Each structure stands twice: as C-alpha cells, then as structure tokens.
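Shared between the two complexes below is chain A, which has chain B as its partner in the first and chain C in the second.
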Partner chain A sequence: MNIAEGVQVVSFFILSATMLAAALGVVLLSNIVYSAFLLGGVFMSMAGIYLLLNADFVAAAQVLIYVGAINVLILFAIMLVNKREDFSELPGRWIRKISTAVVCAGLFVLLGAMVIVTPWAIEPPSTAVVRETTVVIGKHLFSDFLLPFELASVLLLMAMVGAIILARRDFIPEQIQERETALTLPERPRELDALEGGTGK
Partner chain B sequence: MNSGIDLQGTFIESLQDLGLTPGLAKLLWMPLPMGLMLIGATIGVLIAVWLERKISAAVQQRIGPEYAGPLGVLQPVADGIKLVFKEDVIPAKSDPWLFTIGPAIVVIPVFLSYLIVPFGEKISITDINVGIFLWIALSSIAPIGLLMSGYASNNKYSLLGGLRAAAQSISYEIPLALAVLAVVMMSNSLSTIDIVEQQSGYGILGWNIWRQPVGFIIFWIAALAECERLPFDLPEAEEELVAGYQTEYSGMKFALFYLGSYVNLVLSALVFAVLYLGGWESIIPIENLGALFGISENAPWLQVIDGALGITMTLIKAYFLVFTAILLRWTVPRVRIDQLLNLGWKFMLPVALVNLLLTAALKLTFPFAFGG
Partner chain C sequence: MDIQLQYCLLIAAGLFCIGIYGLITSRNAVRVLMSIELLLNAVNLNLMAFSNFLDSDEIKGQVFTVFVLTVAAAEAAVGLAIVLAIYRNRDTVDMEQFNLLKW
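On to the complex of A and B.
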C-alpha cells in the first residue's frame, strides 16, 4: 500500500465516522440549532466521500448547493422563528413513539435490503480516471438524462414562481383575511389589538 | 508550450539523490506548498493591512502609522501580536462551542481557496479541473460560520449582524457565479490555468476585461459585497450594530475574523486578476521576446526571470485592485440593507444573466474572438 492508498483509506474512515456521528447528532440532539449545524457537517463529509470517488465536480456542487444554500436556508428559518416553548406532555404519547420506531425500523430494513440486493459492481469495471468530469456530466445531462434534467428545472421554476406569489401579498385577494380559515398564512400582519394585548389594555 | 520549471520534480529528484525512497521524498514535499500557501496568504494580509492604513491616511490627509519600522510597515505585525496576547473572553451566557467554532469556519475556506490561484504556468499549488468552481463553492461555506458566531454570541446586535452577513453573502454569490460562468464559457474550462492561457498571447489586448466589460464590473461589485467591504459593509456597520457578528469577540477569535476578511479581499483581487486581467501575463507579450533575441525558451535563467515576472505581474494587478477597494472605502457611502438586496436581486442578477446570454451568443457568432 503506497501513500495515496493509505491516505484514501484513512480519510474514508474519518469521513464515514464524522458523517455517522453528525447524522446521529442531527436526529438525537434536542437543540434544533445544533441539529442544523451538524447537518452541514453531514453534507461536508458527503462531499469528501464524493472527492474520494474522483467526482470533483459533484463534490464542489454538493458543497455549493447543500451547505451553501440549503443548510443556510434551514438556519435562516430556524433563527427567524426561534421560539423557545415548553411542549406539554400529550396523553398516550407512547403510541406515537412506538409507531415512529416501527416506521423508522421498517425504512431501515428496506434500505438495508436495497443495499444488499443491488449489484453494485459496474460492468465492465473501468479504472480509467475521467479527467474532464464536467464534460462527461454535461454530455449525460443533455443525452440520456435529459428528461430528469428538464423536469427538475421545471419543478424549480414552479417553486420559484410560487415563492414569489407568496412573497408578493397583493396577488392574494384580501377577503381571505376576514374569514378565519385553516389556510390563513401565519405571518400575515396581525391587527394592532393583538399586538397591544400585552401592554395591559 | 515548454515544460517550464518543475519545482516538485527537482525537489523529489534531489532528495532521491540523497538516498531517500521516492515515497518518502514525495511525503516530504507535500507539506511545503501548504505551508507556503499559509505564509503567503498571511504576508499578503499584512501588506494589505499596512496599505489600508497608509492609503486611508493619505485620503484623509494624515500620515498614518509611522514609528513601527520604516514607514510603519511593522504596524500590522504589532497589531497581530497585540491580538494574540489579548485575553480571550467568552461571554457568560453564550454558547462556548459554537462561539469558538464560528470564526474557524469563516477563515478555513478562505485559506483553502488559495489553492487555486496560479502565479505562473507551473507556479501554482494545484491545477484542478474544477478550479474556479471550487472557489465559489468554498466561499459559500462562510455564511454558516457567520450565522454560527452571530447566534452563539447571545447578543441581538450579533444575531442581526450575522443574519445580514449571511443574507448579503448568499445574494451576491449568484451574480458572482454568473459573471464567472461567462468567463468559463469563453475559456471552455473551469481550471484557472486554462483561463489565463486563453487570454495569453496578445498582451493587454487579449485580457478578458475587453471581452467582458459588463462581467468584470458585476464581478467586482459582487466580490466587494462578499468581502463585506464598503459600500457593502453593513453586517458590521458600527453606527447601527456596534460591530455586527464580531461584537462579542476579542483576542485571537476576533483576529481570525479580521484576518479572514483581509485574506478574502486579497484572494478576490487575485481571482479578479486571473479571470479578467490575464493572471501572470505581462502588459506586452514578452514570451516571444526570447525568440526575438535568439535565446532558447528552455534556457534556465530565462525561465527563472519568466517565473519571477509572472509572480510580480499577478501581485501588481492584485494589489492595484486592493488599492481601488481601499479608495472606494473612503469615496462611497454605505448602502442600506434594502438597497443592498434590491441591487443584488433586481439589478445585478438580471444583468449578469443577460451578460451570460450575450456571451453565449457572441461565442457562437465570433468563435475566433470568444473562444469557440
């Protein structure tokens, strides 16, 4: 084993260990801010594993999109609505806990079975290192992966239009505000009465 | 092209001559570029800080630092030593872990990005395929560190500053990436070395600044916003937010933020020089000069001069840009946060998109001039 292989093996184990530890932290920690920051750690270790697989463009894209955009968005959402409140104990909470455990165990078994059943070996096993990864990815995106690529862009466009409509309130008719329905947006400007309630009026 | 000076090959060969195995020789080589990168970036920052003090003083008709060393060149060193010996205070109700990790997350990606800056055809730490994209990806990590330190300080000014910094950083990342993409489209490669080589051969006339007149302005505005320089320094606007996310920091942790911001400024200037000002290329094309005087371009002394000239040219261009950034600081007023976001999303983003579209059209129409 030469230096390069040794470094690869060691970094693979370090990356896997940090990824598993950070992922467990995301689920198990009670402070949601810690969970969000640890999620960034998970994404970073994933990018490192992509690098070990010689997928440099995918690794950089992983950092840019997941760490730089999605994780920051999650953090923003948490920090803007960071409301500390104590949740009251629900009666019969154990039923929910047990059903959650069953669902999670089922998912785990399903994924584990998928990992074992799938033939991972690529035919023929090519050892040639692809120098220009971006060129190869681009060719795939515009030939055999064209439909998923276009569908993803249409989906993102729809999400963007939706976000703009939600942000520009003037598109939503005003009479919704009168009726108290379940569809009322929670961040609608509240009436002044409600805001001054705490001043002892 | 000729092979140029191969420092790594020569170093490993000479160690092998001393009786070391090839693997061990390579292992000894590996820390050298990394150490050089750290030292180079730090010295670059010291010079930038000294320039900032001196130029600011000159703008305000003062003298500036004078007694620490000749012309006050040792003043940044003195600043650094002072910060090292300052007491490191962690506020009482803060979150000590996040408070400590935050500055590190801001600084480490900036230093890592120095990997991609080339100073010559062979004088670069690495030539990776995704070069310039790696810089964009790494610079998108910084907002997490800013949010982390803003949140962990348990101070409303810090939290506001952190949120502002992250919002600003995300908004200006997109025009920055689009401006870079237009350059990448012309050079058909993400590698910084290929980008410079595509501009070489015609001296100043071949530089991308002529082919991307809109792109370079967008890039520079976005880069200033990413570095939180005036007119976009509102995450740490003293009059409104004390010092933003840095309010509670002192000692070495504050020094990390300070270092990070200046490293980022010098790095942005270097990347600007690589993308738009022809990197290590001189103003007049000199690589043909050797042939003119009948000197072989593989002559060792010519190569040494060539390498030295390349490093000098890159640094001159970069520090000229740092100079303009410092002048801008004392010329323009700070924008408001709504103006900043409006400028980013409603002006820079559409213009950058149109610029990208135009570049693609020109590339199809004039493939000889726009890298077909």
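On to the complex of A and C.
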C-alpha cells in the first residue's frame, strides 16, 4: 500500500476505536433499529481495516455482502417483527449480566496475554502478492480450494431453499389435509384467521 | 511505528468478547443474530491479520475469510427465517420465553 506509515497507523486506530464503540452500541443500546445501523458501522470499519491489511478484494466483498445483504436482511427482519414490547423483568437477571461480563473480561485478558506473550514469526509482506490479491484468491479457489468452493455453492442453495420454507406462511387447503401419507406432518398447521389474529392486526 | 500483528489480534479479541456478551445477555432474538455476526467478524479479522503478517506469499487467510463470508450469509438468512417463524408461533421475540424444549 502506498500510504505513509503514520497515516496507516492513525487510520487503523481510528477505525478500531470506531469499530469497538459501534460494537458496544450494538450490544448495549435498547433501541434495536439503532443497533442495526451501528452494525453497519462495524462492518464498514472492518472493511477499512481489511484495506489497511492489504486485502482489497475481501474488503469489497465485505462491503457488498455484509453491508449490502446481511445488514439489509436484519433491517427487514426488524421491520417484520416490529412489535414494541417491554420485556418483563426477571428476578436475578443482573446476576447473569454481571457474571457474563466478568467471564467475558476474563476471556479478553486471557486472549490478550496469549497474544502478547506468544513470539510470532513475523515476515515482512511481500510486494509481489500484495498488488494482485484477486488473482491469487482466484487461483486458490480453483485449484486447492475447489471442493470447499463447490460445497459453498451447495450450501448457499440449501440455505435459500431452507429460508424460503421456514419463512413462508403456508396455508394448506383441507382436501390435501385429508390424505394420509408418510410425509404428513403430525400436527396440523393453524388456521389462517387465527394466524392473522396472532400477528397483532 | 507500524501496524503490528498484536494490535489486530487484540482488537479481534475485544470484538469477540463484546459479541459473546451480547449473545448471552440480550433478550431480543434479532440482537442475538447480530451478536453472532460480530463473532464471525472477529474471527475474520484474525484470519486477515494472520494472512497479512504470517502468510503473505499465498494468502490463504483471505480465501478462508471469503468462505466465512459465504457461511455468514447463509446463516443470517436461515437464522432470520427461524426468528420469523418462531415470532409467528409465539408472538414474541423475547429469548426468555422460547422455552419449547424445557420440560
């Protein structure tokens, strides 16, 4: 990368601080719409850090997939389950929160100690590969990572079919219900009016 | 002064811990899915840092990150479909009331 060292370090720390603050906002804010938009901020800062780590293709893919697909999908899900409900207070919930926070802080201290103590065998980045990351990734995908690549396409197909089947609001007519086959569900789906009454209309 | 491997790993560890905290303590089901995305992003940052600093000749960490991106997209789609289905069944997104498997 052709940017000076100081600029790289300063922008790296700015991006990191933005990312950690936005991640804290995702977890701690009470309004979930703010959380979803802050999640987009986390993904964009992460793409910036990828650019600083000499990975232009993955940064572009991060922006396209995470910000363009997953974040929009989460916003759609928030819109579809848009019911403002105040969660009932449970006794002893603060014990769980505090103990979880202690465990997470301990995990962070453990990981940090491991990172600092371990002597990493760092080699300087070679400039030959840095300029053509897309070509190298493509060569990997079609030579030694060919089987995972094909399996990923099958996984995406299965996820698409599964998401459609899980999320569709199916209403099975009565005449189909009367036939008993081996594939008949043991429980009948609910009636349509009961189903629409349940969504808060 | 330069960007070190340790900085990236520390930031990824912090993001991972924030994600675990949100995963356990949040009560909205959609927020749990967001926390899972935070966890996947922390792992991705680890992979990218190792790919840049330890394996810069053949950047296999970036290939791994592309696969994690794929799996994250599939997981988000299926997870949000499950949240929608369970919202239609139980009429809530409160994680404390999803006790269908408790007997």
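One rule holds for everything that comes next: the second predicted complex is superposed on the first by the 120 of 201 C-alpha atoms of A that agree within 3 Å, B and C clash if a C-alpha of one lies under 4 Å from a C-alpha of the other, contacts with A are read in each partner's own complex, and residues count from 1 in each chain.
Convention: a residue touches a chain if its C-beta (ideal position, glycine included) is under 8 Å from a C-beta of that chain, and two chains touch if they have at least 3 such contacts.
Everything numeric in this text was worked out from a predicted model, so none of it was measured.
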First (chain B), second (chain C), both or neither touched by A:Cys104: second
Which of chain B and chain C A:Ala60 touches, first, second, both or neither: first
Chain C versus chain B, contacts on chain A by residue: C
Which superposed partner A:Ala159 touches (first chain B, second chain C, both, neither): second
Which of chain B and chain C A:Ile95 touches, first, second, both or neither: neither
Chain B versus chain C as contact partner of A:Gly68, first or second or both or neither: first
Which superposed partner A:Thr133 touches (first chain B, second chain C, both, neither): both
Which superposed partner A:Ser16 touches (first chain B, second chain C, both, neither): second
Contacts of A:Leu146 with chain B and chain C, given as first, second, both or neither: neither
Chain A positions touched by chain B in one structure and by chain C in the second: 57, 61, 69, 76, 80, 133
Touching residues (chain side chain A, partner chain C) in the complex: 5-6, 8-9, 12, 16, 19-20, 23-24, 26-27, 32, 35-36, 39, 42-43, 46, 49-50, 52-55, 57-58, 61-62, 65-66, 69-70, 73-74, 76-78, 80-81, 83, 85, 87-88, 90, 96-97, 100-101, 104-105, 107-108, 111-112, 115-116, 120-126, 129-130, 133, 136-137, 140-141, 145, 148, 152, 155-156, 158-160, 162-164, 166-167, 169, 195, 198-200
Chain B residues touching chain A - in the complex, by the definition given at the top: 23, 26-27, 98, 128-130, 133-134, 136-138, 140-141, 143-144, 147-148, 151, 159, 163, 166-167, 170, 173, 190
Parts of chain A lying in touch with chain B, wherever the complex brings them together: 2-3, 33, 37, 40, 56-57, 60-61, 63-64, 67-69, 71-72, 75-76, 79-80, 131-134
Footprint of chain A on chain C - complex, ascending: 1-3, 5-11, 13-22, 24-31, 33-35, 37-38, 41, 44-45, 48-49, 51-54, 56-60, 62-63, 65-67, 69-78, 80-85, 87-88, 91-94, 96
